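Some structures to go through are shown next.
The two complexes that follow have chain A in common; it is paired with chain B in the first and with chain C in the second.
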Partner chain A sequence: MDFSTTFKIVGTGMSAARARLDVVASNLANASTTKTDEGGPYKKKTVTTAAEPVESRFDSAIADALKSVKIESVTEDPNAVKMAYDPAHPDAGANGYVALPDINVMTEMADLITASRSYEACVTAFDSTKNMALKTLEMGR
Partner chain B sequence: MDLTGIGKGLAIPDAAAEKPQTAASPASKFSDALRNAVNDVSRLQQTADKAIKEVQTGNTGSLHEAMIALEKADISFRTMLQFRNKFIEAYQEVMRLQV
Partner chain C sequence: MDALFDKTVGLLSNMLDYRNKRHMVVVSNITNLDTVDYKPSEVTFKNEFEKAGQLALKTTNPKHLPPPNTDGSLNYEVTTSEENVKIDTEMANLAENNLMYNTTVEMLARKFRGLNTVLKETK
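Up next is the complex of A and B:
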């Protein structure tokens, strides 16, 4: 077995956590954005991840079971729009309502903490693997 | 005293059987093994260097990829160091042999 397989898997996990964090940051930053290039308000985005087989030199039983993670897609919810009455807003319609992104800051904060904890978990897994490798080198001393 | 029978049942390879290969360049064996170990470590360190450079110049590199490359280089270096210690130990053991 080799430690670099574990490092590879942990690395993809960290990349996925970073992607989630980026999307949460984007959602939070645009929580009240009313204009986008596609027209209409900003739409809440979500990251979808997929398991991917990892190349490893383990024996086949475990090699088939090991999966790294990859970012499948970033989807946006087309219906995540809420109407707010604000006739003074430059983007308000004829009836005085503005289309605002339906982003719940609390939900986004919860997602942020989840992503951040998942990243920390990957770092811990990495550290344990490294400690195992270093312990192996102490064998026979 | 006859000692040839001891290793027979333990599937220990006969040292005499491997002699033709080792006898060709007995002096370069240690250095070859060491050189290979050092080359492997050097390659990983260059990868780590590249990853760090990419992070510092703000290009495509991500911080964790650089750190993973760095740790890989660290572990491989320590492994090489252990190899080296074992090699030197074995070499000195041979040099101390009384003839």
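Up next is the complex of A and C:
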């Protein structure tokens, strides 16, 4: 009976989903940010995750099948810049074009919903694990 | 002691163990829903149904061969699918496994309650 490993696995899934949500929120919030500390407009960011084996002290047969999620990296797309003609903009160049982040709000919203749904799936899995653990305690009553 | 605990309790606790392992693998699949290149695994037991069926064998005649040893120990198989994670299948597996786990716990609890009643009422 090793519920703590299960909780740990679901926990990594939830934090990965949260990281996705955070990055989507950042992308949406900065959809028209023209200035950043690094210079230039805001660049669209993407989270990449990878499966990581769980160290389990038990059964080696299923240990290979158990994988938690780790956030591998947050990558920036350096080419996600679009030029828009707006001579009145303070950041516009000499030719009247301003560099804006190339962020598609529709794609970001779709990513947002996907991340939110995977978070929900993890919550359901967590809940189910919790119910099983509680049910086990009920056995002695 | 063996007659009291071995068959039912042994089998049911093995069942609990199996359900717990299956739960862990299903949870791992759900967690890796968005992981690129992750292939879902599944835990199955093949031989256990046959083994469980053999429990019904009785040696009513001394000339009968004894039934094979039914210690109820589990040998499960972990298989990895070639397809990606299907969230609906995994959620269904999660719910089914959860239900079966609860049923198994309930059966164990009832067994213990029954034993308790016997111990109390014969005083």
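Rule of thumb we're sticking to: the second predicted complex is superposed on the first by the 136 of 141 C-alpha atoms of A that agree within 3 Å, B and C clash if a C-alpha of one lies under 4 Å from a C-alpha of the other, contacts with A are read in each partner's own complex, and residues count from 1 in each chain.
Keep this in mind: contacts are C-beta pairs under 8 Å (C-beta built on N, C-alpha and C of every residue); 3 or more make two chains touch, one makes a residue touch a chain.
A quick note: this is a predicted structure, and the numbers were derived from the prediction, not measured.
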Clash-or-fit label for the pair chain B, chain C on chain A: fit
First, second, both or neither for A:80, with chain B first and chain C second: neither
Superposed arrangement, angle subtended at the Cα centre of chain A by chain B and chain C, nearest 10 degrees: 40
First, second, both or neither for A:4, with chain B first and chain C second: first
Winner by number of chain A residues touched, once chain B and chain C are compared: C
Partner chain in contact with A:132 - chain B first, chain C second, else both or neither: second
Which of chain B and chain C A:18 touches, first, second, both or neither: first
Partner chain in contact with A:103 - chain B first, chain C second, else both or neither: neither
Touching partner for A:51 - first (chain B), second (chain C), both, neither: second
Which of chain B and chain C A:124 touches, first, second, both or neither: second
Chain C versus chain B - closest C-alpha approach in the superposed model, Å: 5
Residues of chain A at both interfaces, chain B in one complex, chain C in the other: 3, 10
Touching residues (chain side chain C, partner chain A) in the complex: 16-17, 20-21, 23-28, 30-38, 41, 43, 76, 78, 80, 87, 90-91, 94-95, 98, 101-102, 105, 108-109, 112
Contact footprint of chain A on chain B as seen in their complex: 62, 64-65, 68, 71-72, 75, 78-79, 82
Complex contact set, residues of chain A against chain C: 1-3, 5-6, 9-10, 12-13, 16-17, 20, 48-51, 54, 59, 61-62, 64-69, 114-115, 118, 121-122, 124-125, 128-129, 131-132, 135-136, 138-141
Chain B partner contacts - residues on chain A that touch it in the complex: 3-4, 7, 10-11, 14-15, 18, 126, 130, 133-134, 137
